[in-house]
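Lettered A, B, C, D and E in written order, each chain numbered from 1.
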Amino acid sequence: AEKLTVLLDWFINPDHGPLIVAQEQGLFTKAGLDVEMIEPADPSLPPKLVAAGKADIAVSYQPQLHVQVNEGLPLARFATLVGTPLNSLVVLADGDIKSIADLKGKKVGFSVGGFEDALLKAMLSKHGLTLKDIELVNVNWSLSPSLLTGQVDAVIGAYRNFELNQMDIEGHPGRAFYVEEEGVPIYDELILVTHTDKRDNPALKKFVSAIEAATVFIINHPDEAWEIFRDSDKKKLDNELNKRAWKDTLRRFSLRPAALDKARYNKFAEFMLEQKLIDKVPALDDYAFGLE
Amino acid sequence: MIRSIITTLGILLAWHVVILVLAPPRFIFPGPWDVMVAFVDNFSLLIENLAITSVEIVVGLFIGCVLGMLSALLLISFDGARRWLLPVLVVSQAIPVFALAPLLTLWFGYGIAPKIIMASLIIFFPVSAACHDGLRYAPTSRLDLARTMGASNWAILRHIRLPSALPAIASGVRVAAAVAPIGAVVGEWVGSSKGLGYIMLHANARMQTDLMFAALFLLCLASVALYFSVNRLLDNLLSWQADTTRHNQFQYSQQGTPRQ
Amino acid sequence: MIRSIITTLGILLAWHVVILVLAPPRFIFPGPWDVMVAFVDNFSLLIENLAITSVEIVVGLFIGCVLGMLSALLLISFDGARRWLLPVLVVSQAIPVFALAPLLTLWFGYGIAPKIIMASLIIFFPVSAACHDGLRYAPTSRLDLARTMGASNWAILRHIRLPSALPAIASGVRVAAAVAPIGAVVGEWVGSSKGLGYIMLHANARMQTDLMFAALFLLCLASVALYFSVNRLLDNLLSWQADTTRHNQFQYSQQGTPRQ
Amino acid sequence: MDQTLALSIKNISLSFAKTTIFDGLSVDLIAQQWTCLLGQSGCGKSTLLRLIAGLQQADSGTIEYSEQLKSSINNIAYMAQDDCLMPWLSVLDNVMLGARLRGEKNTNASSKALALLEVVGLSQHHASMPATLSGGQRQRVALARTLFEDCPIVLMDEPFSKLDAISRYKLQNLSAKALQGRTVVLVTHDPQEALRLAHTVLVLSNKSPNISQFASFNSAIPRELDQPTITAHQQKLWEYLQ
Amino acid sequence: MDQTLALSIKNISLSFAKTTIFDGLSVDLIAQQWTCLLGQSGCGKSTLLRLIAGLQQADSGTIEYSEQLKSSINNIAYMAQDDCLMPWLSVLDNVMLGARLRGEKNTNASSKALALLEVVGLSQHHASMPATLSGGQRQRVALARTLFEDCPIVLMDEPFSKLDAISRYKLQNLSAKALQGRTVVLVTHDPQEALRLAHTVLVLSNKSPNISQFASFNSAIPRELDQPTITAHQQKLWEYLQ
């Protein structure tokens, strides 16, 4: 079997459903692949290691990809795991922020992902505000706790399938403002990237096919798939939060992981350029390809 | 033994009181009972990961101490080395994990090695500094005597400076023993899927604060056990020191003594 | 001064050699030239944030040292305290930042306070342990003399134990000075929008490794400067120690001396 | 207790790990007199001094102090065999250590200390640090520190051992004068010194009875070397010690 | 250099911070003889010994060692004023310190050390740690350690100062025997000791010329106390010192 090292973006969570299910169902093995998945603690690390040739595939985010490519990392997207943004601006449901315009003069927490401030800027500008009208606070590890304890009035970088459930379980439901509805072009949240030199690696195709099969299985048999996912590491994954997040994540998995929406990438690249997160728009072919 | 149980109970009580008085949200600071439940529920998970972290701690402590002592020896043996190496050592201390993590993973992969390196690195400086100070301040009279006996620099180092520095070195090793667990945990941030540090990070990200505290509690127990083992070991090694110094309070010796 | 410049150049050279030999990818470990460019480009940004971090470091160092010494005094003054407090101190050392972070921010907000607390916490134990060891091992003969002079426990502590412990305390403070910067940086991870730690975190997330290393370089410079300032200060305070001990190599005194 | 006794050691026993040092030792110290203690190296002289100073716990037995002594606080000055100067204090501050430790806010402490340094011949070294002194100079600082204490009981463990013959002679005289009216216990290895300064000469030994009185003299101290007390007893004491 | 000289100190000057210790001091040490050094406390006796041992750098001047001395490595045994026992070594190991430091793999080192401990009367303490010894016992261990070294030049700084008269007398005899044929420099405060042991008695002083020879004797050492050399010179030396 051919060995493939996959670096996840974060600890295993329902976002990785297709990967885990494919692994558990032996889809990778059937395709002649020996896949090892590794969890990092710092989401910015996996792309670097793939770029350095220390792993074959990394789970990353589309906005980060633009930044990475701009910084000269030899990376290219070859598949999409989650085809919509998950990122959102979250406030307390019973708080006094009903619209983004209400953020004026408030504190907004963010986790340093590298571009949250740009998202926020775009969202604010739709409501006639600028970053100067709010106070940005890096709350690093603790998005929901800082919101729940009133340290900040809103957080950007919270996942709609995750933090919302988390807050609900804690008894303080939140309200999400979806980035793509508030002036940010739509993008793929979770993508798979590889080194540009490895774009012709035939294993990638087998890998994506396995994922596609797993995704279809998940959509068709959500409860069974949940059990498979949960049982892959029962000790860590079997809890209320994952169960709920699973439900909310299901409908966001990309049904055609190999397909590349070129317009979407180009449009988002333009947006990134506008936000000065990147300083040129490279040719799409250089950093994204689909697998026919 | 009894004492450590009482201490543990005392901490639990203090904890409970804090919960009662400050009433922090459960997802920030859970009460002892919640943690206990999480501990029991995840017992085998915790123990498995404790084993891994313990290995990292002990190996890291060992390597860090050995390297720290070696570097102190180097610093003291070569007067030139000291001037140039010391700044490098200080710098090594100021580098945050996430700057090192990519390099470590790049060079050492994802196994246990980078965690041990991290733990060693954190321990390295306190030990090295303490050793170096101890070695520096050997009493002149002992050095002079050794020199008249025709001792080589190496023999002086080994037989005079090193034993003279032992109390200082012991101090450094004690600090290292207390710092090693955090070293291993920080090492697990470098990227791992195992160990108490991973469990804590994971639980923290999931807001499973009770599990995080259960892991934390275990880590603390391990730390205290390690510290006191090392402490006892060092005290045994340094029994000669006890004769010339005294830590306990002064004892009046005679009932008829005229002073109060 | 000259020496520190040479050291800096030496480090740069070593860095360059590492780049040449190991050729790590630029986005993991950039070369000195890239970093220099990033440094110049972001000079005012870096300096601003250095100022903030420096304040955190210095204040944290001060508070950590003071608290460490106080706790050592407490430990030594009350024999009972030692038995119960020591495990608590060890535990305090083993608690990783991210476990404390939510609590700290909950109680102290996102201002400069939690960073100072973080820095203080990290250096607290090394100082406390070193002081405690120093205070414990006061020579019996000095304690005896003081006791016959009718000194109170407090006077003995202040005038005998404390000066006797100064070399050990200085050792602890030296370690603290080297560790304080990382404390402040870790404090900045916990949540902040300012400081070198924040810049590094941010640059790391944006893959601006050169900027991260520029900030790191500045942090290292600050650490080294702090360390050597503290070192010099302590050496001045402890000049009496130099007379009874000797660190430099033995010097042959007479040209006609018969030994090689 | 007899009024003329400063303290009375009763039936003290003491052993370290293997060796028995005292086995039922009893002795009385007469108030305001000099008692000189001789004995072989390692026989327990320093240990006895430490017992009196309350620095060493006996296995059994008691030491009874006179009423007068019990009433005051700082009543025993102890000069150990080792000079025990504090390396971080100047010579002057070392002499005044007692005042510092007791928190005495006495402005003339330093002039008193300077005067004592003058007496022991170290006034020009008053600002030096102990590490720069010679062995004999250190011992003289320790002596000055002991005299500074001004206590009714003074215990001195070989206080002149590191001094040259001339300085020793002078300082014996000075100490005798300065400590007039005090109860002094002096450990010495020099029989001549004992005969010059003692009202009572005690000899300690390892064998039971641990202590024996060689002689007691009524004449004023210090005695001149050619005084009959000394010349007559010197040979006798030498033989007694053997 | 004269063949009978062990070493020759030429025109040495030395000052510490404020004070001048030696100002052009010159003296020759005769090989295989005992030279006793007397002088006031603080006049520089220990410093002179340290100069000879190569532990102290002079401001100017030289010390010339005889050819024979230059050829061997471990040729000076130095016994400092302070006993300087290593607290982490047992008494026996302290005596054998030199062998340990030179990495000598000599199996009879320990029997030699035990024999020396027997000589200084501490054989039953051979396994004790230094911290449990009395002052005089420590000094005897240091003496045994110095004798163990077996060097052609032996420098001893008040080696008997903490011993009782009897032990001192015995150890003087023993040392004289053990160190026969060695060049010995002995610093002492006891004029009688100097007269018993010296072939040459030197007196050091602060004033220039720093050193003067009181007398030199040809008779064998140790001399008995009632020998004419001693009785005749005792009073003279006392006066000379003043």
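What we mean here is this: contacts are C-beta pairs under 8 Å (C-beta built on N, C-alpha and C of every residue); 3 or more make two chains touch, one makes a residue touch a chain.
All values derive from a computational prediction rather than experimental measurement.
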Q: Please state, in steps, how far subunit D lies from subunit C along the shortest route of touching chains.
A: 1
Q) Which other chains touch subunit B while also touching subunit D? A) C, E
Q) At what distance in angstrom does the C-alpha mean of subunit C lie from that of subunit B? A) 15
Q: Provide the C-alpha centroid distance between subunit C and subunit E, rounded to the nearest whole angstrom.
A: 48
Q | Centre-to-centre distance between subunit E and subunit A (centres being mean Cα positions), rounded to whole Å | A | 83
Q. Do you know which subunit C residues sit against two or more other chains?
A. 24, 28, 98, 102, 106, 147, 150, 156, 189, 201, 204, 241, 244, 259
Q. Hey, what residues on subunit D touch two or more of the other chains?
A. 54-55, 73-74, 76, 82, 132
**Q.** Per-residue overlap in subunit A, given as positions that touch at least 2 other chains
**A.** 42, 48, 52, 141-142, 145, 149
Q: Write out the stretch or stretches of subunit B touching subunit C in their complex.
A: 3-4, 7, 10-11, 24, 28-29, 76, 79, 83-84, 87-91, 93-96, 98-99, 102-103, 106, 125-126, 129-130, 133-134, 136-140, 143, 147, 150, 153, 167-168, 170-172, 174-175, 178-179, 181-182, 185-186, 197, 200-201, 204, 212-213, 216, 219-220, 222-224, 227-228, 241, 244-250, 259
(Q) Using the touch definition from the top, list the residues of subunit C that touch subunit A in their complex. (A) 24-28, 98, 101-102, 105-106, 109-110, 189-193, 198, 201-202, 204-209
Q: Write out the stretch or stretches of subunit A touching subunit B in their complex.
A: 10-11, 38-42, 45, 48-49, 52, 54, 141-142, 144-145, 148-149, 166, 170, 235-236, 239, 241
Q. Along subunit B, where are the residues that touch subunit E in the complex?
A. 141-142, 144-152, 155-156, 159-160, 163, 166, 240-241, 243-244
Q) For subunit D, which residues are in contact with subunit E within the complex? A) 16-17, 38-42, 46-47, 81-82, 132-137, 139-140, 157-158, 161-168, 189-191, 238, 241-242
